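Per-chain numbering from 1; labels A, B, C, D, E, F, G and H assigned in written order.
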Amino acid sequence: MEHKIIFAGFGGQGVISMGTLMAYAAMAENKNVTFYPAYGIAMRGGTANCSVIISDDPVASPVIAFPNILVVMNEPSLDCFTDRLQEGGTLLANSSLIRKKAARKDIRSFYIPVNDIAEELGDSRMANMAMVGSLLKIMNTVTLSTVFQTMKKTFSPKLLKVIDINQEAMKKGFHAVQL
Amino acid sequence: MEHKIIFAGFGGQGVISMGTLMAYAAMAENKNVTFYPAYGIAMRGGTANCSVIISDDPVASPVIAFPNILVVMNEPSLDCFTDRLQEGGTLLANSSLIRKKAARKDIRSFYIPVNDIAEELGDSRMANMAMVGSLLKIMNTVTLSTVFQTMKKTFSPKLLKVIDINQEAMKKGFHAVQL
Amino acid sequence: MVKKGKIEVRIEHCKGCGLCLTTCKLNAIALSTADVTNSSGYPYVIMINENCTGCTMCAIMCPDQAIDVYREQEHS
Amino acid sequence: MVKKGKIEVRIEHCKGCGLCLTTCKLNAIALSTADVTNSSGYPYVIMINENCTGCTMCAIMCPDQAIDVYREQEHS
Amino acid sequence: MGEKQLMKGNEAIAEAAIRAGMTCYFGYPITPQNEIPAYMAKHLTIRGGTFIQAESEIAAINMVYGAACTGARAMTSSSSPGISLKQEGISYLVGARLPAVIVNIARGGPGLGNIAPSQADYFQAVKGGGHGDYHMVVYTPETVQEAADLTMKAFDVADEYRNPVLILGDAILGQMMEPLVFKEPSGKKFDKSSWTLGNRKGRKSHLINSLSLTEGVVEQWNWELKKKFDLMAERELMVEEYMVEDADVIFVAYGTTARICRSVVHQTRKQGMKTGLIRPITVWPFPTETIAGHAEKTKHFFVVEMSLGQMIEDVRLAILGNAKIHFHGRPGGGIPAEADILKQLKAILQS
Amino acid sequence: MGEKQLMKGNEAIAEAAIRAGMTCYFGYPITPQNEIPAYMAKHLTIRGGTFIQAESEIAAINMVYGAACTGARAMTSSSSPGISLKQEGISYLVGARLPAVIVNIARGGPGLGNIAPSQADYFQAVKGGGHGDYHMVVYTPETVQEAADLTMKAFDVADEYRNPVLILGDAILGQMMEPLVFKEPSGKKFDKSSWTLGNRKGRKSHLINSLSLTEGVVEQWNWELKKKFDLMAERELMVEEYMVEDADVIFVAYGTTARICRSVVHQTRKQGMKTGLIRPITVWPFPTETIAGHAEKTKHFFVVEMSLGQMIEDVRLAILGNAKIHFHGRPGGGIPAEADILKQLKAILQS
Amino acid sequence: MKKVYERNNIAFDMPSPYCPGCGHGVIHRLVIDAIKEAGQEDNTIFMAPVGCSILAYTYLDLDICQPAHGRTPAAATGIKRALPDSLVVLYQGDGDLAAIGTAEIIHAANRGENITAIFVNNAIYGMTGGQMAPTTLKGQKATTCPFGRSPEDGQGYPIRVCELLQSLGGVTYAARTSVHTAPNVLKTKKAIQTGIENQMEKKGFSIIEILSACPVNWGLSPQKSNEFIANEMIGYFPLGDFKKDGKIIQRSDH
Amino acid sequence: MKKVYERNNIAFDMPSPYCPGCGHGVIHRLVIDAIKEAGQEDNTIFMAPVGCSILAYTYLDLDICQPAHGRTPAAATGIKRALPDSLVVLYQGDGDLAAIGTAEIIHAANRGENITAIFVNNAIYGMTGGQMAPTTLKGQKATTCPFGRSPEDGQGYPIRVCELLQSLGGVTYAARTSVHTAPNVLKTKKAIQTGIENQMEKKGFSIIEILSACPVNWGLSPQKSNEFIANEMIGYFPLGDFKKDGKIIQRSDH
């Protein structure tokens, strides 16, 4: 088992949090895991992305040339990364902000309106958590409850106060996906 | 034929001029020649020395560990360098300022009162030239006339004005030595 | 008499920083809403009324040279 | 009343720079002649009369700490 | 044993240094190692140590020089161009026999290059980028865990030999998060009172210095340094041999490229190809004998580097013509792809 | 042909540079190369060129960087610690593809060391003291005459490849006076208009730069640099073989130590011992093949260096175990004595 | 209607390579406006620093030289000495100029190199992600002074570069301006023009220090960033001329 | 008679390692006198520069640290931060401090490092044999300005270090003195004492710039050298306090 996931979106969409949360949770399940952020000037201004590898074997390079899972939170990210997705790979796209569909036919695609899900909960910043929920469902490697526990451990005091709504969003995202 | 000569004395005694003059003259006679000065902090304050190698073969290192000719213009230099003179080597000492004799018996020693010679000419700064004269006589490799020609070529305009007295001193030094 | 003016915004060059807005004393411009963005995902500047006098202040302030300014000329 | 003083020169430490001489208002000191040198070849400072008052100026000026100064003490 | 944590390599190095008793850190910002000074600014100061953002890399290495004079455990970190600027300082540390830890989280060069991972500072690290005859132990961690472990060790080794130690990573090691557990520091004590400056109290004065204008003295120091280097070479070698016993092809790679080669070994072993990996953990001292020992039975060595080929010279020196050496390298921030290595490997095996 | 003159190596280098059309010199004082800036201050300025005593070695190399951007022939010189400080700048020159000549009149290290001659900056010079993958042609003149000749050549080679060139001497070469005759400079013209800055007049803008943050660009530059290095390696090698044909023992030495070995060859040949000398004139590119070519019939190679042994690695790489390699080295400013070499030689011949 | 403001085509047809609201964009434009108005497009060599504005080459259609971090004044010296009639414009950030490059700027200034230095003081290391700069204000937070800069705790005082350089003989012009409002942008342009005229008249070294926002690393919106300049920075970094035609105009002391 | 002046036994029983009449010798003695009178012999770390006074270690019986050329202020920072209660005395020449080490001295001063810097301004590079220093006077000859220093020809103005540093927040004390006459030697001692007291009272950075002769490289006798200080140097490098207890006392401008 080896998941090579790229998360991408706008700065402010919580892309890095998605990645680190997944990495922490995978660690808690004793997987081999690496997290690799975009850094330096690439982090500046508009966009953000990070790479997470979750594997049974030790991870070679944490840099993902060709992901088998791609999570995109906005349209520029879809445009930028879709070509790199492996044949047969999985795309998760935030259909609240991404109006078009990926052109490729050799991949599995899921369009989840995570901003809408989040707004239903009254906080559009929860879109990323909803997306994590969807991802968990699709990956079927890390459980929702592990992620919940991880959140308790890793969230800052400020975030802990809003942990419930985070988890709620995640659950909604989880159930939004039909496999 | 290989002469490895160390010239040593006080700063101001014209030790470097002696060395360069010999080197120029040897070059004029198409010998292989190297000149190596003391440099850096060793040049500062009191003392000065330089090394000249004149040889039929190409010169290896211009640094002389063990000279076969040692020219000393004052007593501290005698004390400092005499031990390094090769067995059978030649010592030329300025007996005007050096009152003692070298302790070694395995060397040829010449004591020449070059300051006195120079003062006879009315200019104590000519002591070094007198010493060069003595050296030429003892070495018997470079001729007095070559040195005279060299002086014409290499002396600065200021020095050229006093070339005669320089040459006079040299001649006196030359004749002061009895072989 | 106050002259009439207008601006042209290079939408693809605008980064939605909003600095031009702060200089427009006549409130002639505003940013598009968050869901109306250029292809880099930035909201951009639009004229929201006819107040513009072509004073060029907004253009002077723009870090991205996204604004050109036009002004009615006196007839000579 | 002017006090009497004297200096002691560490001959081997003196470099004959002559700076002490320039400070001695009483001309109590001078350099040895060029042919009288210490073992490093430097002329050195000598007292040339009884003028010294032990004012310490020469020692203060000496870059080589070659001078110690002595002065007559008041009897108390 | 501590708890498992997820940390960036840079942060792991910083935390490990603090745990190892480093009290003085001096650095200047440069990507991709900025998390080290940032971590120090926050955590070292709170824990009573000294953090200074120096005015430059040169100031930083000289601050390290000063702090080391007092016996404090001192460290600096930078990335390639900044490490080039520290070369005079490193040579001085060796010359003055001062312990210190220097971290290079290398990036693509030459010049300003980029901020991608690179192994093109190998020569600089192991042959001496600075002037004069010198060596340092150079650790090349492969994982975040090892980065932490070797950082702790580096301080002991620096103190033991009174010599700087280099940790050579790359942007991947520095930026990657991986699980790790901090080990206990060795707790080894080093009596430095015979040479440190300050608090003199009646003893003879001490001198930290690398100059002598007296003939022969610097040469003598060098002969003494050589003895120390020989001892370091003898005792501080670290190398991992992985599935080499029956290997037809042995990879030689360190750090990030070792991870990649290890993965290729995994894959190929599953396919029945007999591959193995020799991973220098110290690149100085270099595991010359380890490699030489395999050069009789194994016919192919495959060196993989993120450079135009630097360590390969040391591999050649080990093998001395007794086996074939193959090379895959990517310079300027390129990362070797498993697929490319695999392809080249198959060509080798078929030849 | 010019007249025979007696000159210091430092002065000969300075004068040769001026004759080769160097118009911009930037340096910072350091013994034993001070005669170079002093000469420039006097003679370059009178002849219309630019001399600046920079505020530091780092400023000097970056002034060279700037002047080179305009197409001017530019040079800097220093000695070991100062050269260490220039490592970032050298890496930049390579990265930005700028021609320049750098002179290292090396002294004893590590650290401040002393001002005696040394060859312990060999690794720094040939393996790259700076960061990233790069090479420079490194000339190692043996005599004052050769120092002048190679200096002139260095400017042509720098321009030809748009790459810095290093002249590696030592305190002996710099301080020694020897007779020399200045040759005519080659007069080769290099059209630099396709890349130099300034006087734009309608053409496209030019950029001198070593950074790109676009993935793959710096890697691509490196592959292009590699091609250039390969070409330099192929075409710029200079080596002297002296009495090697029938030799039982071949010395390998460069610069000052080559002089010493040559003298030993002389003496021993007179005594009927068959000795010879291979003298790399460029140490990068290194005469690997030349040496390898003799490793079949000659059983003993004797490397002499003023260091703990650095070039010996390149000799080992050439010989690959096919002959015995012996070593005599003196670090920290020590000069190998003919007598000591002779003694060791005799032991070799008797074994 | 007539076009009364149009983009300067010394810049390529693209937005500036900087973050939204970044002062570098405005300052770039002012520099190329001044160059254009002086008719020096084909005679200018633009010296890019190592800092965010290293990206100038992607934006500006000028001959550009990009030297090592902090060493721009040294490289500019080399260029200007080799080509005395070219217009050499330095562009440096506060880390580049006032930290690692301290020696180089001081000595280029002191030699009176006939060049024009544009010094962008944004009180932070932008490119490397928000570390403390030599000009970071007292109490201001950055990744390497997470508790706020504290000079009393040995983190150094914010350095006033104009005041530091004004005592040097080679400096003919030193001025501090800001780009946080349109009127200040216009004043900045004037100052840059003066700096460039000085060079064309061979008057020696000019420096224009410009207070400039880094919204991303200050963690403020572009608007709030410009308010920060108005309310916090100018109090410590007073605007105006510090030296003109080689004469001291004003000072500010600790 | 009573001994009223005796040698300071912090110096080993030998002459100073410097040329006849060199100012370094006097200044060394003043420094060790001040250290001794403050009772700090066993608590002092003396930071030797790279310059003639690198030889201090052969002469002074103190703990001594000898860092790289120009980097003494950085190394001193490292030492002082690690051992805040030690007395750290920097000793630097003009090449060391005002050329290669410009950045280091400025930033150590600006951080207010609690150290005392003795800055020996002899307007020349002594150790390397007489090259132009940042403080070489206009018209003064040196091996690298054989026709006399000419600021107008781009060789730079003689840098006034006290004036340059006085604007920095971390500087508590900056004074210029001279050792060309006995009364000035005594004033210099006072200034050094002030610098050391400041440090013991944790007041921050003190610098004492001392005009000092280099007879050998000036090509003058020791006496003539001191006259050169009186007649040429002081006119350009005015003596006195420039900053005291953090307050500006005097200035001198171009």
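Rule of thumb we're sticking to: a contact is a pair of C-beta atoms (placed from the backbone, for glycine too) under 8 Å apart; a residue touches a chain by one contact, two chains touch by 3 or more.
Quick caveat, the model's predicted, so the values are computed rather than measured.
The minimum number of touch steps linking chain D to chain E comes to 2. Separation of chain C from chain F in touch steps, taking the shortest path, is 2. A comparison of the A-E and F-G interfaces places the larger number of contacting C-beta pairs at F-G. The chain with its Cα centre farthest from the Cα centre of chain E is D.
Chain centres here are Cα averages; for chain B and chain G they lie 62 Å apart.
Here the spacing of chain E and chain G, counted between their Cα centres, is 38 Å. Annotation for chain G: residues touching 2 or more other chains are 18-20, 54, 66, 68, 81, 99-100, 102-103, 106-107, 111, 127-129, 134, 154-155. In chain C, the residues touching two or more other chains are 15, 42. Among the residues of chain E, those in touch with two or more other chains are 31, 52, 55-56, 58, 81, 88, 92, 96, 111-112, 115, 209-211, 213. Partner chain D is touched in their complex by these residues of chain H: 1-8, 11, 14-16, 18-26, 29, 181-182, 185-186, 215, 221-223, 226. Here chain F touches chain B in the complex through residues 4, 6, 31-32, 115, 117, 171-172, 175-179, 256, 259-260, 262-264, 266, 335, 337-338, going by the rule given at the top. Chain contact summary for the complex, chain E toward chain G: residues 28-31, 34, 37-38, 41-42, 45, 51-53, 55-57, 81, 111-112.
Within the complex formed with chain E, the chain F residues making contact are 58, 80-81, 83-85, 87-88, 91-92, 94-96, 106, 108-116, 118, 120-121, 123-124, 127-134, 209-213, 215-223, 225-226, 307-308, 310, 313, 316-317, 320-322, 330-334. Residues of chain D touching chain B in their complex: 15, 35, 39-42.
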